[in-house]
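Here is the structure we will look at, set down as structure tokens.
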């Protein structure tokens, strides 16, 4: 089941940037692991912003929330979740992760 | 080059629905052809809305506008375009269409 | 899996109200059947508006979209879907429909 | 009488998180007590956010405000209250808490 | 129990104004009856708009919705309902309609 | 002459709450005096928020601004002012403060 | 007493433009008369829009509403009213219309 | 003097498209003439929309309004005007049209 | 050439108020000088807010920006600039500052 | 390929202004270099704001993001990116940077 997630990271300019960079590095590893596990299907950077658009493939909304709320930078994030479903014009094979 | 496009179709309830259905069918074929050509990478339905989120892989903004403005239902569409780029945490092979 | 759905019905004042009332009656029956099937868990009227807040219990986002897009008044609806999950403070028995 | 309440908790990232966790734990107990008392009918987590959607069953707006304003994390909350009433399509027994 | 209600009337310029004036006259009588019954406590015109701000004193949200949805111009109305309660600084006698 | 005023108090969570409580107590007394003087006609709490809706009866906009800007918590306030006037459906006696 | 009024005229493109032009001409005369009477102090066109910003000098909000609601194009207008008062930095002579 | 102007054309789908195309062709010629006259410095299409972003170089706001309000499709336009001025980092020769 | 400028001053409550008052006093003198020079035509306080609406009469957008950006409280200001031009219904003598 | 970028710089008033001025000076040099390289085609100041509107001519969205995210004041910036393409009414020579 697919969810479109737009994540905007808002770090106050006077924050401890060393701590932020450490959290950010940790997050990159977490994201790569989730991609390899087929949960985090796509992640793209929005040009000009500290923000990304991602597509998650999860079994439940609880699983989605578990993933998002355990991201190291979660306290700094504005997150918008949109439930997706199969489009009649899509030529993706329904069995394959699109 | 990737663009995230959110398309919401707003057809006034009193419109000629036969004409709309014909345009819509035409659009599905156009979308499938563009997907086969690798231009329209992904198209997902937004649950609960006559709207979709798509990822386009084009060589220029002019090409993107050409595709979108020639969609049969274009006069009924609200379209938001977001420029995407590669995310440092993405494990997608840069050479492969993500 | 639970989804919070806010539906606002926008019927242009000059619409054919007889047709609208027929669609509306059809919709009430459809809603009652879905409630009896355990899919449409709750439906409440928003005071002062032709709008409702509902909780759906479905197996997938595709199922949710199927239900919503087949509602007779769907062409007149603004629909906002919010994915819900279990709250740590909830005393609802996870196995029971909350 | 039912009220739909959406609560978003906004804790500044540099806040004293130990204090916040203590307030949060206190709040969970308060919420469970109110659920057992039949006042706080439903509480669901919004996927991806430190936010919840709840349904309260109270005798007056004063009682509702009393409950909400005494929540330990109230100073950190954005709260939207929507008055609900019985929907003509609801099959809930009017005498039973829906 | 008090509710603050802001009603904005949006009549398309090309509407049948004779019909609208008749509905409007009917509504004035309905409003006066509800004021005499103590249900519609206050009604004020917003300067510069076909809109009003009203305070209703009702026993339930169902009663409030019943009043509002039966107003003759209801199909032309945008209605915002806000639940009010007693303010600690108010010198109004709680037993008296404020 | 009547003005509708919505006041939302936004106190940063890390503010000196003792100072805030003192200002708040001072404000309650000021509000009561203005109510007794017939200037502050109504004040209601918005359920779920540190906010109120008030109706002021003043002789000029300058007088209104003088009252609002001298409220002890004024630096923490978002204030929206709406000019009201007599509604044709109101049964209030024009000479009496409504 | 001064009020800032922003008026945006929204005429549907398919409206009877001859009727609109007649109403518009009537409105210009009404506006000139009110300016000569010292009620309509200033009227400026917003560059690029069928909209204006005006300053009215009236004795009450009722008078303001009377003027605005009797403008021939009132049914086509979005009107925002802002209550103004004397600014401490203004060198205008309080007795003179500013 | 430079003004940034964003123009969005909103033509109702059921409009007489032949008339619209004629107006649109007329507008293209008008735009080209203004570009040759150095008034309309730049015009770019916004990808995905019937909208453009333009830079005008005019001697006064009255001149700007004269140009915009005489565009054939003006009745169908949402126009946002932003006043621009020289940026300290610009290497454009102040005497040259930038 | 006229510009409508709405200035809202947002000073964080924990700011050094003595410094702010000094800047504010400085600004009042600057404003009075600009009014005497005929540049700052009108300045009105918005009732209920630390905000003002002003009309500036300048020769260019650069001059306008120079004036606004040199105001002592500029770092605390949200500023909205609207380009104005002569209204066909205005009886102001075009040669006189309106 | 052209992108329209609106950059608003939001520096908290209590920030270390010396550090900000240093970053700002560095940014001016960076902007001048990019203009000379033909990447940053135009940069204009928005009158009344610490904000600019720029037109970038880049080969990819990745290049655009690289430029923007490496601006010294990037952490203080709200950035809106709009993809532009050639307008049918433009008389600019397609081969020339417009």
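Letters A, B, C, D, E, F, G, H, I and J name the chains as they come in the text, with residue numbers starting at 1 for each one.
The definition used in the following text is that a contact is a pair of C-beta atoms (placed from the backbone, for glycine too) under 8 Å apart; a residue touches a chain by one contact, two chains touch by 3 or more.
Note that the coordinates shown come from a computational prediction; the quantities given were computed from them, not determined experimentally.
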**Asked** When you check each chain against chain F and chain G, which touch both of them?
**Response** E, I
**Request:** Compare the CA centroid of chain A with every other chain's and tell me the farthest one.
**Result:** G
**Request:** Could you grab the centroid distance between chain G and chain I? Build each centroid from C-alpha atoms only and quote it in angstrom.
**Result:** 21
**Prompt:** So what's the Cα centroid distance for chain E and chain H, whole Å?
**Reply:** 44
**Item:** Length of the line joining the C-alpha centres of chain A and chain J, rounded to whole Å
**Value:** 27
**Message:** For chain B, give me the residues that contact two or more of the other chains.
**Reply:** 2-3, 11-12, 45-48, 61-62, 64-65, 81-86
**Item:** Contacting chain pairs - touch in the sense defined above
**Value:** A-B, A-C, A-D, A-J, B-C, B-H, B-J, C-D, C-E, D-E, D-F, E-F, E-G, F-G, F-I, G-H, G-I, H-I, H-J, I-J
**Asked** So in the complex, which bits of chain H are touching chain I?
**Response** 1-3, 60-62, 64-65, 81-86
**Message:** Using the touch definition from the top, list the residues of chain F that touch chain I in their complex.
**Reply:** 3, 5, 11-12, 15, 61-62, 64-65, 68-69, 75-76, 79-81
**chain E-facing residues of chain F, complex** = 2, 4, 27-28, 31-32, 35-36, 42-48, 52-53, 55, 82-92, 98
**Complete:** The residues of chain F that touch chain D in their complex are 11-14, 45-50
